[in-house]
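Down below is the structure, laid out as structure tokens.
Just so it is clear, A, B, C and D label the chains in written order, and each chain counts residues from 1 on its own.
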Amino acid sequence: MNTFGRNFRVTTFGESHGAATGVVIDGCPPGFKISEEDIQVFLDKRRPGQSDLVTPRKEADTVQILSGVFEGKTLGTPVCLLIQNTSMISTDYDELKEVFRPGHADRGYYQKYGIRDHRGGGRSSGRETAARVAAGAVARCYLEKKGIFINGTLTSVHGEKTQEGIEKAIREARDGGDSVGGVVSLVVSGCPHGLGDPVFGKLDAMIAFAMMGIGGVKAVEIGSGVQASSMKGSEHNDQMTDHGYLSNNAGGILGGISSGQDILVRLSIKPTPSIRSQQHTVDINGMDRIISVKGRHDPCIAVRIVPVAEAMMALVLMDAFLEQRKIVPDCRQEP
Amino acid sequence: MNTFGRNFRVTTFGESHGAATGVVIDGCPPGFKISEEDIQVFLDKRRPGQSDLVTPRKEADTVQILSGVFEGKTLGTPVCLLIQNTSMISTDYDELKEVFRPGHADRGYYQKYGIRDHRGGGRSSGRETAARVAAGAVARCYLEKKGIFINGTLTSVHGEKTQEGIEKAIREARDGGDSVGGVVSLVVSGCPHGLGDPVFGKLDAMIAFAMMGIGGVKAVEIGSGVQASSMKGSEHNDQMTDHGYLSNNAGGILGGISSGQDILVRLSIKPTPSIRSQQHTVDINGMDRIISVKGRHDPCIAVRIVPVAEAMMALVLMDAFLEQRKIVPDCRQEP
Amino acid sequence: MNTFGRNFRVTTFGESHGAATGVVIDGCPPGFKISEEDIQVFLDKRRPGQSDLVTPRKEADTVQILSGVFEGKTLGTPVCLLIQNTSMISTDYDELKEVFRPGHADRGYYQKYGIRDHRGGGRSSGRETAARVAAGAVARCYLEKKGIFINGTLTSVHGEKTQEGIEKAIREARDGGDSVGGVVSLVVSGCPHGLGDPVFGKLDAMIAFAMMGIGGVKAVEIGSGVQASSMKGSEHNDQMTDHGYLSNNAGGILGGISSGQDILVRLSIKPTPSIRSQQHTVDINGMDRIISVKGRHDPCIAVRIVPVAEAMMALVLMDAFLEQRKIVPDCRQEP
Amino acid sequence: MNTFGRNFRVTTFGESHGAATGVVIDGCPPGFKISEEDIQVFLDKRRPGQSDLVTPRKEADTVQILSGVFEGKTLGTPVCLLIQNTSMISTDYDELKEVFRPGHADRGYYQKYGIRDHRGGGRSSGRETAARVAAGAVARCYLEKKGIFINGTLTSVHGEKTQEGIEKAIREARDGGDSVGGVVSLVVSGCPHGLGDPVFGKLDAMIAFAMMGIGGVKAVEIGSGVQASSMKGSEHNDQMTDHGYLSNNAGGILGGISSGQDILVRLSIKPTPSIRSQQHTVDINGMDRIISVKGRHDPCIAVRIVPVAEAMMALVLMDAFLEQRKIVPDCRQEP
């Protein structure tokens, strides 16, 4: 299950310390201008090593278009985007060959498949998200021409909600060999009404699926989110007038269908599990071990999830946009 | 998109005031005992009219097995379950023919399809969930034989967390012509490790998809949920010893794969949008209107979402369980 | 795998001697007029007992629309069509409980599922095709409004190619307790160019899939068909002028995409396997048995496959038609 | 639609004159030994330039494993196989930029997408099949360990059925600037019973889908094939004794499920459409043109379809094999 989407079908591949990471996009509309530069912009936002708040690892993350684009335009055939892996120091991971890191997928992969690539998390590495960002970039370029814009922000870290507090929390965690969680908020503006398919293809359900599928996300909220459970109907309902809606508790989606209001999503993200502090764990033989995870890790993965969450939102919207085209002519037909 | 699942594929159909509601299950394992009584038990839990906390509507909700079962056992062919609609008072909805209810899917359906069945919400009605509960019942019977149990509870309403406070909040809302939101918590025990498929078939992502696809759900949390964003890695990581995990912030799922711990999920549910209080709205011509929704509505839909959430969890687990079978023999093979 | 199609998704259910046979259509366009009468017309064509060339079994095959249609028009929600089973004489099949009929799916189902409904073939019965014809009827009504027409003909039986020879061959087989094979030819006129999706969604591949999935079909030919293997390129290529194509060896499909020419398909169908003549077979214990199949069987199933093949063609075209809508606006966009 | 399969999901990408051709396999079983050499063996069989019966084009077709394999074994993660394109002489195709070749997909792609890569057929080129052969090689290695073997043969060309006649027919066509059609026969031995899923996932239907999806195939026959239409039931039925079946008109598949007998398939393939002879055609403006296709083309594509057909058969069987695993434990369970 490495494919996302029904219409704009995105299949990612690659282990973090393998030869390459990449993605094939099947169902990309034809005749659409896209260049490696257009995609690189988004990859650069995800790239580590850009400030002291993120891992100092250097990853070039240079994208190459292998197929599906001819003379600068999409052909309607599969677009393969490749990112060669570089800057991999696999020996950093030698001691993890037989020990499972707490809070990581290590043990899960081993139990599930009976085999795993222990180097840098292999397939479960955050590195896989580079492929998602690349695919999302293609979708975003397309959506932006339709007037649909996606904006993600890191809105809190370890409970801190100001830029200053956020940075302080991250630096303290980093310096203490620990890590911190955070919240990423997404706003989609310009989304037309009608996207999303009841009953099992609801737009909010697809968003929840996409977002909870990003490593580290532990909660997804739409509009009023967890607050909804403490509200009354008379407060929560978004009343309508001929000027528009009087509120947006729905978060832009009602009955699984976009309403035309801004789409509002909030993600709660756990602290990076790779920390220097000593922790109890077990090895592949089930024996007790103490572990302190070395390597160059992000003290707060929420920082780097922002562009990934934006990309996943783009994939959801792109897919729903193409799906909706199938019925638009019929909706408009005369009785 | 009225189908859920890849392996245990559940397709629901039916409008609330149409002839019938039902479901076809494709991919149901063969040779498995199931009877109408086994399914009816779960439908009865969802059925309205059972206490003064829910709608007084009477719905018989009697299930009939139309196919896929022979001499009491599943054949491996599609199981069609049918629930005839009764107790429908469509005239209750006459005034809704041209007016959109705030907080409802009315306008969305109309804008999306150019047509809608306004009677009782049509396809967007909570009534559609009867079909999910019926399908979920089949899955639950199967899973319980494998030792997997699902338990849902209404854990808070309008901020109240005791049984007494919950009941009081619901009765006050009902008597005041208003409604209240609530929280439903799910615990899955006995789930084997290994379920769930990275990258885009993660078990937590599938759960989020399933739960956010229940009408009224505004937030889905797994394990630590929104709390994760305020925690440190040293607190959040579930350390392991040879006796097991020392905590369960992961909520039983790591890297998208079940760990063998209990699966913990929490849903925040909005207040019932159908309320007697007067609200601003518009009609199909975009003209301002004032609406007060009549009819026999639940003052707190969270109450009746409990069995629906359990059913959706059963569908997710059943699907993941069958998926995992494909690779089990290979995982165990000698090197 | 009881679902056909990606966009116009048709799921059939029902055993021949169970309570009912039916189909759920998901993805049916909204706002489209359809009535039980519109569908019944096509079911009546498939219905047995209409001439002395087919089985004298009487099956009412009355279709009922359970959902998805409101005030005579489709809602865009799932359309469930139900056909109650009547005229079943299950005792005809008692002796088949433990004996496998040669040329039938009996042994396959038993080996695959470890259980089967032996009455009338259960799920493998030709009766299942009633559900396909019902779904196909909905598709055909829609396609005909777009100017796309499907016409199937029985073009040969046991090598005979005239109406007289065909009828004689069938009556001789019937009277001799034997059966005969035949050829069904399909012509689609009015099909627009552009339908079908390379590489693995080619229109001809989808047609082959649909047709070979009809019980008894042993060969599918498109255009020149088996003759192509004996031809030269200079003969086979359909040359083009500004007036159109000079021939149609392609059968209306090139590179998997419809060209706008008539689509030409030919099916070779085996003789009915249920015959009175004595044959060697085995029982569920693997013991040798002699069998002579009683019951009211068609001497030539090819006769009754005509409306089924038309229905399957309608499903393929409907699906491709909706698929193509996703890219049409982009194809037309200015550079 | 560039993905084949539900369980062993193969997505190909690449235009013939683009940077690379490749494939991503999702759902590949874990813990399975595979090397670039194992795959290269099969690619070499497909490679042109090996005899005077095929195109003299030199294509290195060297495969590279980019992901999914670690220390020589599959990880259960996506396997990406890449073949860099070399030996491309794009200028050969300059005059085809605005002219459609008869018998080719040129016009279809242009009409469908509004854009196409005219160089060497782009995505519709036979070159795309290199990716299928690479994926098929992975499947074949796996299947062979389960005792399942696939063997394809060129059994006739332009009606000639001896090796000598076949070679003569091809050389004559080549020397005359023309081309010839042929027949490829496939035999699968060692296939277990139980593969294939009624109603819309029948093994023969999947084979027909896979084979008709190979460019140039105009007919697919299973077992008795077109002969079935001229036979009687008493001749066609494969009678059974405790020693096995007395014939194999079914071609190893009954009711869509493998019977355990050899699977027999026959493909009729059209002559290569690219010929030097002059033909009528039109250009992108709809104007009449005369064309003589230059370049280094195969005089008989049937020759090179043999390994492609074998690969597609491997993909079908692999997919059905994994699908069947989902129900095997239930089939065996005690009543």
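The rule we apply is simple: a contact is a pair of C-beta atoms (placed from the backbone, for glycine too) under 8 Å apart; a residue touches a chain by one contact, two chains touch by 3 or more.
Since the model is a prediction, treat every value here as computed from it, not as a measurement.
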**OP:** Taking CA centroids for every chain, report which one is farthest away from chain C.
**Re:** A
Original post:
Which pair, A-D or C-D, has more C-beta contacts?
Top reply: C-D
**OP:** Compute the distance, rounded to whole Å, between the mean C-alpha positions of chain A and chain C.
**Re:** 44
**OP:** Return the distance between the CA-based centres of chain C and chain D, expressed in whole Å.
**Re:** 25
Subject >> Whole-Å gap between the CA centroids of chain A and chain D >> reply: 37
Subject >> chain D residues counted as touching two or more neighbouring chains >> reply: 1-3, 12, 27, 30-31, 73, 76-77, 112-115, 123, 198, 323, 327, 330-331, 333
Original post:
So in the complex, which bits of chain C are touching chain A?
Top reply: 6-7, 27, 29-32, 73, 76-77, 198, 322-323, 325-331, 333, 335
Original post:
Quick one: in the complex, what on chain A touches chain D?
Top reply: 1-3, 9, 11-15, 18-22, 24, 26-27, 30-31, 64-68, 70, 73-80, 82, 112-117, 122-123
Original post:
Touching chain B in the complex: which residues of chain A?
Top reply: 1-4, 12, 100, 102-109, 111-115, 123-124, 128, 156-159, 173, 178-183, 193-194, 196-202, 204-213, 215, 218-242, 246, 249-251, 254-259, 268-275, 277, 279-282, 286-288, 302, 323-324, 327, 330-333
